[in-house]
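Structure below; questions to follow.
Chain IDs A, B, C and D follow the sequence of writing; residue 1 opens each chain.
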Amino acid sequence: MSGFDKVVATYQEAMDGLADGMTVIAGGFGLCGIPEGLIAQIKTLGIKELTVVSNNCGVDGFGLGILLEDKQIKRMVSSYVGENALFEKQLLNGELEVELTPQGTLAEKMRAGGAGIPAFYTATGYGTPVGEGKEVKTFNGRPYILEEAITGEFSIVKAWKADRYGNCIYRHTAQNFNPMAASAGTITVVEAEEIVEPGELNPSEIHTPGIYVNRVIKGEFEKRIERKVVSKTVHNTTAKESQ
Amino acid sequence: MSGFDKVVATYQEAMDGLADGMTVIAGGFGLCGIPEGLIAQIKTLGIKELTVVSNNCGVDGFGLGILLEDKQIKRMVSSYVGENALFEKQLLNGELEVELTPQGTLAEKMRAGGAGIPAFYTATGYGTPVGEGKEVKTFNGRPYILEEAITGEFSIVKAWKADRYGNCIYRHTAQNFNPMAASAGTITVVEAEEIVEPGELNPSEIHTPGIYVNRVIKGEFEKRIERKVVSKTVHNTTAKESQ
Amino acid sequence: MALSRDQIAMRVAQEFKDGDYVNLGIGIPTLAASFVPEGISVMLQSENGLLGMGPYPHEDELDADMINAGKETVTAITGASIFNSAESFAMIRGGHVDFTVLGAFEVDVSGNIASWMIPGKLVKGMGGAMDLVAGAKNIIVTMTHTDKHGNPKLLRECTLPLTGVNCITRIITDLAVLEVVDGAFLLKERAPGVTVEDIQAKTGGKLVVSENVTEMRV
Amino acid sequence: MALSRDQIAMRVAQEFKDGDYVNLGIGIPTLAASFVPEGISVMLQSENGLLGMGPYPHEDELDADMINAGKETVTAITGASIFNSAESFAMIRGGHVDFTVLGAFEVDVSGNIASWMIPGKLVKGMGGAMDLVAGAKNIIVTMTHTDKHGNPKLLRECTLPLTGVNCITRIITDLAVLEVVDGAFLLKERAPGVTVEDIQAKTGGKLVVSENVTEMRV
């Protein structure tokens, strides 16, 4: 099955073909489940005028935030941004555009992009600034707005384990937007903590089937924690009952 | 977490509330992954005028086919039917209506129903009898038709393992339509081969989170094979290479 | 006397029924998890993809791959499930989450809510709030009855950009419990020591006083 | 001479490139899996939720939970993945499957295909065929060039209810390989011993003969 071996050895190969002005869809939520090495490679390449679709834009000096340092991002499509000073500065300067999209709509737009659904109706955002200029249609007496799919030239994805065929599983809440991102890219690149042989992942437990994936690279991850909150009390983890 | 224990002891409790004229969404593909005992209970109850949404309608004497025997189904929404003589007879007699829906559109309509998406655009069926009377809209130069979501008063689902909270996993290709069916019912009933305690299923491997499930019952399954095809040759199962 | 944050959270928690799936916003809503009444279990949904959110971890349980929607480290309870963001919002948008509790800048008598954007200030985004108010079966807004300048936050019509329209059913403030009914705020409960007149004076939109205004149990 | 079913399947298999994901319909298309050329690997998608379909099982491997889209018992190859029907058609509809090969009653010069319904006969349904023709990047139709009465199945305009419009790019019959180009069938290859005139006589829609018609290698 040599034609299905998607493992590449270098970050250069992993991001080969990325060019100025392209759209990059990135998995991750905050700093959780982000393809750290692929983001670093985009910085290294110095590609400019990017549209980046990702729930957030990292923080100063880490995650997608590092692409702001050389003004590589022209436009950001996110549900929540501005966790870093540089982002705020570029936004206020007009050097950066932001398209704020509700989190669930963003996830569904990526999924739709991967699934060949060009548009769908949702109640989310109706009657708010998000709904302005969008088609409205009423179903069962309730108004909904039409939202269009998102696709990109590249998707960058962070997996826990990927096999050589590109089948991926994600760890805990590092799953988040990664499967949808994986489906919506013309070229989907997966950076995995571990690369395993085909057959090592249980077929029914695979989160992203390899058909969506073009390239797989093994990464080393810092996995920085954005908000470390620790409990000082003794607790059991079985229930939220009368704590 | 007593409020989340969804296990019921009898089929009567499992299907309590089902009434004439309701819509029942059923998981399964052919005879694979069908909630055998729940279907049998619908037969026992003698409920009539049902709309049944399921990819297929079983065979004579097994699966959803048994609901034809006492003419309990008024309308069938499926992608492929007529594997049994009784179905054909009732259809030709005008005792049974059929709404044929492309398989992928059917799956997506159920998913949309569960996900609060009232309608979506798809290219599937454009220009064919399926597209007749449906809204058409062009995206990127290609015409798409608008398809509406499906929901039902009841969904009946077959799981491999379910925990008391209703978290489910499915076995092999018995997954098929079951997760979408589970999401689209007002009351979702799961019939499982095995009921396990919360915590026995790995959280990241759960196919249907318990939030979609109202009742869980342990079933005994015949698991009839519709088309047994056996290979006589020696083969390895690694590849389709130059066999 | 106006209720404390903890007391508001305590009153919110009285809304929950055994077996409810609940999504709690940042701030007072999150506190409500600590006051779930005896004999009642709720399961917490975190919109980044976790159903069955547990307490914060101990130092030795910290895991960068285990966070909540506020990007804080968390744990999962026994019987939790973890899934992707599309599935998470399918649950929310599809009405499978029983309660959403969230804060707001303003609400109005039409059930509209403004909670994400103050023009002139930097806009950071709506996150999942618009999906939550569009999707949950029951939405509870928790907030102080007035802003820090004493101006009403319960209005005839929201002045800030909206998060959702016609979606708020219940408001729990430091002064009162109110429902949105027929284009008015229906006063149901008042905080101990707070008079109906106080509440009236601090409410911007039309207030209808229920026949039987009870005292909030906190 | 007209090709046999195996020979048609053999010619179909020559279309595949190493690393292609392929969905094969029932009949001749399924046979193509047996003729994948040396050095080429393809992975088979079965639309009921299996990527990496293997051969039929041995008697001792039979499993009611392991079937293909034709409801037959199957196996999975090492490295397969299994998923639900919505995910399966997301792959198909989203254009991730490289090739779909399927049979047809009729095709026409506009790239339309009719393959699921003959009025007056019992209609059993389209199954996944409409999704497949709407979604795959490349669709190959395999069929006999004429029906059993000798009537052409390659037409100016389909007469039967359609499965999809403007979607067929390549047709492989027992007589020829043709492409649909600019409102005509472009003849690219002919079966050994079959003349261009034979093919012309048996084709209903406009036929354009390629400058260099080669002989099908089977």
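What we mean here is this: contacts are C-beta pairs under 8 Å (C-beta built on N, C-alpha and C of every residue); 3 or more make two chains touch, one makes a residue touch a chain.
The structure presented is a predicted model; accordingly, all values stated were derived computationally and were not measured.
Common partners of chain A and chain B, by the touch rule above, are C, D. In this structure, the chain pairs A-C and A-D differ in their number of contacting C-beta pairs, and the larger number is found at A-C.
Among the other chains, C has the CA centre that is most remote from the centre of chain B.
Annotation: 28 Å between the Cα-based centres of chain A and chain C.
Centre-to-centre, using mean CA coordinates, chain B is 36 Å away from chain C. Chain C and chain D have Cα centroids separated by 55 Å. Under the contact definition stated at the top, the residues of chain D that touch 2 or more other chains are 40-43, 76, 78-79, 82-83, 89, 92-93, 134-135.
Counting only residues that touch two or more partner chains, chain B has 1, 108, 111, 115-117, 122-123, 170-172, 175, 203-204, 207, 238-239, 241. Under the contact rule defined at the top, the touching pairs of chains are A-B, A-C, A-D, B-C, B-D. Residue ranges on chain A touching chain D, taken from their complex, read 1-4, 111, 113-117, 163-165, 167, 183, 198-199, 201, 203-204, 206, 209-212.
By the touch criterion stated above, chain C contacts chain B in their complex at residues 17-21, 40-43, 45, 51-52, 76, 78-83, 87, 89-97, 134-135.
The touching residues of chain B, when paired with chain A in their complex, are 1, 108, 112, 115-123, 137, 139-140, 142, 144, 148, 169-172, 175, 202-205, 207, 238-239, 241. Within the complex formed with chain B, the chain D residues making contact are 33-34, 36-44, 46-50, 54-59, 62-68, 70-79, 82-86, 88-89, 92-93, 112, 117, 122-131, 134-135, 161-166. Across the complex, chain B meets chain D through its residues 29-33, 55, 78-83, 88, 91-92, 100, 102-108, 110-111, 122-130, 160, 170-180, 207, 223-231, 233, 235, 237-243.
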